[in-house]
Amino acid sequence: MQRIGVFVCWCGSNIAGPVDVERVAEAMKSVPGVVHSTTYQYMCSEVGQSRIMEAIKEHQLTGVVVCSCSPRMHENTFRKTAQRAGLNPYMVEIANIREQCSWIHKDKEVGTQKAIVLAKAAVAKVMLNTPLQAGTSPVIKRALVIGGGIAGIQTALDIADAGYEVDIVEKSPTIGGRMAQLDKTFPTLDCSACILTPKMVDAAQNEKIDIISYAQVEKVSGFVGNFTVTIRKKARFVDELKCTGCGACMEKCPSKKGKNEFNMGLNNRTAIYIPFAQAIPNVAVIDPEQCLKLKTGKCGLCERVCSAGAINYKQEDEVFERQYGAIVAATGFKPIDLDAFDEYGYSQSKDVVTSLEFERIMNAAGPTGGQLVRPSDGKHPHEIVFIQCVGSRDTSGCGKPYCSKICCMYTAKHAMLVRDKYPDVNVHVFYIDVRTPGKNFDEFYRRAVEQYGVDYIKGMVGKVFPEGDKLIVQGSDLINGKQLALQADMVVLAAAIEPDPSARKLATMLTASMDTNDFFTEAHPKLRPVESPTAGVFLSGVCQGPKDIPETVAQAGAAASKVIGLLAKDHLVTNPCVAQSNELLCNGCSQCERVCPYGAISYVEKEIRGPGVREVRRVAQVNPAVCQGCGACTVTCPSGAMDLQGFSNLQIMAEVDAICK
Amino acid sequence: MSEALIPMLGVVTAIRQDTPDVKTFRVEALGGGKCFEHMPGQCAMLSIPGVGEAMFSITSSPTVKEYMEFSIKKCGCLTDWLHRMDVGQQILIRGPYGNGFPVEGELKGQNLLFIAGGIGLAPLRSVINYCRHYRQNYGNIQILYGSRSKDDLVDYQEILDEWMQDEGIKVYLTIDRAQEGWDGHVGFVPSYVEELGFDPQGKVLVCGPPIMIKFTLQSLEKLGFTKQQVFTTMELRMKCGVGKCGRCNIGDKYVCKDGPVFRFDELSELPDEY
Amino acid sequence: MQGTAQLILERARELMQSGQIQRVLGWEKGEFEHDPTPAFFESEEELQNFCYNDYCGANLSKYLIAASKLEGKTLVCIKPCDSYSLNQLITEHRVNREKVFVLAVPCPGMLDPVKTEGKDLSQGERKDYLLDKCLCCKGAEHKIADETIEGPSLDLAPEDRFAQVRELEALSPQERFDFWRGELSRCIRCNACRNVCPACSCVKCVFDNPNSGVSSKASADDFEENMFHIIRAFHVAGRCTDCGECSRVCPQRIPLHLLNRKFIADIDELYGEYQAGEEAEQRSPLVNYQTTDKEPSDALKGRG
Amino acid sequence: MQVRQDWKPKIVAFCCNWCSYAGADLAGSSRRSYPADVKIIRVPCSCRVNPLFILRAFQRGADGVIICGCHPGDCHYTSGNYYARRRMTLLFKMLEYLGIEKGRTRVEWVSAAEGAKFSSVMNDFVQTVTALGENVKLEDLRCKEPLN
Amino acid sequence: MKKIAENRLPELYQALSAERKLYLPLEEGGVVGYGLYSPEKKTALTAPSTVKSPKELFFPQVEGVVNFQMQGKNIDILPIEMPKEDFVVMGVRACDVRSFDVLDRVFLSDPVDGYYAARREHGTIVSLACDQPQNSCFCEAFGIDAAAPAGDVRCFIREGVLYWQALTDKGQALTDSLFGLLEEAGPAGQEQQEAFTAETKEKLQALPYHGLDLSAFTPDRLGELFHDPKWKKLSQACLGCGSCTFVCPTCQCYDVRDFDTGHGIQRYRCWDSCMYSDFTMMAHGTPRPTQLEKFRQRFMHKLVYFPSNNEGMYSCVGCGRCVRKCPIHMHIVKVIKALGGKKDE
């Protein structure tokens, strides 16, 4: 017989309001096996915990049920409490009577009855709990950062700073990401490249950091402290070690029709190219889609001009495996496709551009050399209309339901820069709300309006269409209550941002969850914002949610500190709630091995002894360090030989019984 | 109608930890006293609803009027449960079952040699204490008891405090392997039997693991004992206890009804299926 | 049949003489034509009682689990339909391929002693007397063989094995419920279906294991009847080769194969055609998936 | 069949720890109510749900059983919910084949972020099961009535 | 002796079932088994045999024994009411009637099994003589007269008439309760019976198992038979299923199990089979580890152990059910012939 103690938490009035906690505690007293049942205002408090500890000792409890908030909140707290009182921490079960009871049921009778049932189910389960011992597994002291934007770079720098090796895998030929494409940054208007490139160089020069550019993660296996990652480094047809970045090849390359990705396709580049002057690594790359040599076998000019002998048309993708203790996702964002927003005329006129395109136009290293000209005819514009919230805060289904957060500020920045450089240009901004919650943000916006005379119009734009060489912007001015039809030379759309499409595949590989918008989910939205729910996987930058540069950098540092905390450990305590094979029942059929996502199951031939049995059989064995405890094998096993500790067949059935009674 | 399968209620009034895996439970009727009378070597079905029911030999002597005792080794679902229960637990009991040792028949007036191994002492303890109670009815009493280690000797305290103190009772103890704090005999029961070279007279009552019984019998035969002199008690899976459920038979004999005590000459005529 | 039996016997004797095999797993003559028994033959002398006749419907593949543990190789007579079961058992490592010499024997379709009892077989067609499982014959081809004995095969266009499943599916839920209740209520839980089933090869069945939480020896009520058969069918889903033995041995003639065939039909429809035991080392559809698999809600759409 | 006025269905919801259980927590913290007839059993993954548990629930008096897991592709264990999807599809189709009302069983994918969805799914499921009435086709009478 | 025209049997059923439950062979799903009569059921009184024997009407496959309630350390024992409803079983063949003698030896011997005894007390057996014995039948070997079964009432059907003869007080009481439904058969009844017996005898002599020799199975040969090496071969293909056991009219092994209903514990007993792997399994093993021992137990029990304890009465009645139902055709007749030696040997 187990001796169970039940501890019902009031959680202040959170539980005690809608649930009669005393009645719950009273009802539990008559449940067979329960020898102690009590309540307290806050079980998770110091006092609450010490009450549990005292009761464990006084009543020689063999199991504890805490009726409180979600086990996702305090299961660990109470396990530790039990452990401090000398009880195995896995002899604790939580009945979730807050999130799944008191917070959703207003009727006190209903809530109380449900709480009693949930508590009984937890008791039924804990009666069958067995003391479990956590094992340990070693930590590989190397981190992987996926994405080489400002988030990834900062994370890698901070990890390296602490003395750990870290690899950055970047899918494009250079690190730098979106920030490298920006002209100025708000609200200080300092030059983006000027503050980013030193960091890029730092990363390149740091001997703890290995930048694996033009590469992608193909497969991730393993678990926290012990991931094995397969990386595919795409063939760039240029030997990274030999190339000096002199650029001679680019000058000679006859194929000049490649879209310049760095300039958002606003101009072209050669087939062999270096993305931008400060690229890291500063190494050329051949676009196989454009290269005549690779496509037709005829050309080879670049090979001839390359004095370093770096060109290698036969280079192939390189696939290799590396081991990491921690992985940071820093996959960043992209502006959404505007196909669904044809009313803004993006596809109809070259003079309707996105903000990021506008950023390149304004940039001295951009396609126009920093001259503000219309993409269609190179003429200087006189009227520019900015439209905000293009695809953001859009519940129609075409766009994104969330606020992209950075648009208000960069639009103010653009408007201000235009007015500063070209006072002859009139700037109008259509907005729904202007959101400026940040240090010096509102002041910045007010300067745009007050000092630079930017015309902010609260209202929606219904349609943008070309008429002659002008663009007509039809919109409403909500404040003045009238319909507008502005003639503009250029229209700039503040397109919503969305997670980079590569993130979805990566999330699957990492078994990290994503929300409906494909942003990575945090382990806890408030308390663990830089960790994913998957142990050992951390989040940095916009892949977790829209944010500006300082926030990104802050989060990057936070993620790095979490990684450092992990890598600082030599061993990790492993989850003992793993599968276990009862060799007496095992048929050796291999079905479980086939469903195990972690390859944790292997087979051995061994002599099996049991009641009336003594023979050599092929039986399954589970590697507890590798098993993550999903339980896929347990259902595949017809004989029930495979069971999951902590969630055993009998435990779950006992819960079912208690609930259905 | 009294129905054999319907148990009566008892209550556990004392629990003694004998060895790391053996506990002795004292069971009384709800109003005190014994649930039923029995003879040495007879058994009872104990059960806990929802856990199981199993046959156990009654280890206390019939001469004890206040209670019955059961020495139970932890080896399965029910026994695990019993080992975890507290005093005051009600328990289901039915019986008595089986023939028991012929203490008022063949054994009467005889020199008796008891040979037990491990938990095998449980059924013999009832006989030993019965014979001690009616000491005048029996001749010499010798007891040879062995177990794996000193800690595995069941009823050790009673052996030391009572049996060894009785005049005319000789107790020989042995353990399988030498251990600290044990200055007694070390060795297996069958070889100790030969070593002690008992006079092949009177009757022998043997109980213990099957392998021990097998070799002890050989040792006894070497010493000149015949099968007619040796008794043992059997253990097979039982469900009804009344010879109807069909599983505890050895040949045409039901252990629950015709046994559990068999004389070796009877047993050797039965198929070797136990 | 006599000729085939003779060919098998000759070959078995040769192999036994040459020491390549230790024993033969086949059928032993009964007292009558209709009651041969599966049997191991350890010597040439024992082989005198070997028979292979119209009533050798039993699937011998499951006996190879035990034979795999014996010394030496066992020659087994495998009919085309049995070969699927054998492959499946090899895939699941229950039978050691190395320990088995597969003698593929031809099958002209086996007769059902219940159908032939007291009948003059010269009257009517062979089809009328065939075991039900033979009416949906998977064909004359063996999926595994070390050696093949040639002989007559079943000359019959097989029936659509899913026809009855579809008929049932077309009924209303209440009609289906009544149908299955009527059938399953006859179950006496003799476990013949389970014990004969080559896919039910667990060393200990969950229903026999007192620690499984679901053990039961007899069905106490409707629920337990349903439970046993649903779980049994589920446990063999994706592994059942549709050998039909369960229905053949059921003393109450419950059409148990219709449960297994339902799973097969659904698997075929939802996850692509799959025949368990078609070849060794296949991945059963229940230990496999496609990211594009149908959602349960979509799969269950339609009919009430 | 006569449905008693005061009759409430018993619903067992198996929720995977990483998505749906968290989704249920979110439903709670955002105070999105659903009937108290729903009781949640936490499992590590939807692939932990054995058909035995589902039948057991019906045996013990459940009127509906719902399995909630991460959205396909989002499984914390990569592929658990894919296996669960096949198993449950086949099992539910078998139950339907046996004439058991298919509304009594359901699989839903609910992410940790979908508190609102969790609540609406549960409301809808309870409504469906309530309309179906008591589970009589898969009941075990022994478990329904108190002894003697 | 009484009689009633065969085409008036439904009236007889109605009358019999009016005041008590009537069980008789019914056809369902293509198989015949004893079932509770109601007018819409398809009766099969004259079917040569049923899949299961009528034993289940007296010794059900599953039957509650006693219930318990647990409260803390306390246990409440809640007894179950003994069966007390009168019922009639009709159409019981001679072999099955004899099976009750076998079961009585077990269940009515001290200590009496109350549940079985109550059903025997409340049940009236109306037997039906065989006019179409099957090829698998061998009741003759056990001295059973298929044409003149025992029972409380004995019936036979000849030329479209069912003849009815009460053999016991209980049978007489049942007969009396049928008022005017049955007519007096008169001396013609006797003639019909003689003719019937002669015809059946002829058919029995033509059966393949006619003359089955059981003389080798005597208690004094227990050891010899037990150790016969033929058991290995006989048992090697046995599936270890319980079909033979569960269709057998005399197999009476049972298991006692507890079921937790959630509201209390039901202790029930259910049929068990000595062929099952867990039948004698204990925590440390089983005395019958392989199918050989289990198989041997079943037949040794029927042919040697039981007779040894019951004045030579075999616990087989030759109904032939196991012969028909064994999935591998390995049954008691093959065993008898193999171990007893065929007559022509």
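Note that the chains are named A, B, C, D and E in the order they appear, and that numbering of residues resets to 1 at the start of each chain.
In this text, a residue touches a chain if its C-beta (ideal position, glycine included) is under 8 Å from a C-beta of that chain, and two chains touch if they have at least 3 such contacts.
Note that the structure is a prediction, hence the values are computed from the model and not measured.
The minimum number of touch steps separating chain B from chain D is 2. Comparing mean CA positions across the assembly, the chain most remote from chain D is B.
C-beta contact counts were set side by side for A-D and C-D; A-D has more.
In this view the innermost chain, defined by its CA centroid being closest to the centroid of all protein CA atoms, is D.
Of all chains, the one whose mean C-alpha position sits at the greatest distance from that of chain E is A. Chain B and chain C have Cα centroids lying 50 Å from one another. A separation of 40 Å divides the Cα centre of chain B from that of chain E. Per-chain Cα centroids separate chain D from chain E by 46 Å.
In this assembly, the C-alpha centroid of chain C lies 31 Å from the C-alpha centroid of chain E. Counting only residues that touch two or more partner chains, chain E has 70, 255, 259-260, 262-264, 272, 281-284, 286. Counting only residues that touch two or more partner chains, chain A has 595, 636, 649, 653, 657, 660-661. Chain C has residues 204, 206, 210-211, 213-214, 220, 286-288 in contact with two or more other chains. Against chain E, in their complex, chain B makes its touches with residues 1-9, 48-53, 75-76, 79, 85-86, 88-92, 235-237, 239-240, 242-252, 269, 271, 273-274. Every residue of chain B that touches chain A in the complex is listed here, in rising order: 81, 84-86, 89.
On the chain E side of its complex with chain B, the touching residues are 65-66, 68, 70, 73-75, 77, 79, 82, 106-107, 109, 111, 113-115, 117-118, 219, 222-223, 226-227, 252-256, 258, 260, 264-265, 267, 269, 272, 274, 279-284, 286-288, 293, 297, 300-301, 304-306, 308-309. For chain C in complex with chain D, the residues that touch the partner chain are 165, 168-169, 173-181, 206, 213-214, 220-224, 226-227, 230-231, 233-234, 237, 259, 262-263, 266-267, 270-271, 285-291, 293-297, 299-300. Contact residues on chain C toward chain E in their complex (touch as defined above): 30-32, 34-40, 58, 63, 117-118, 182-183, 186, 188-192, 194-196, 204, 208, 210, 217-220, 248-249, 251-254.
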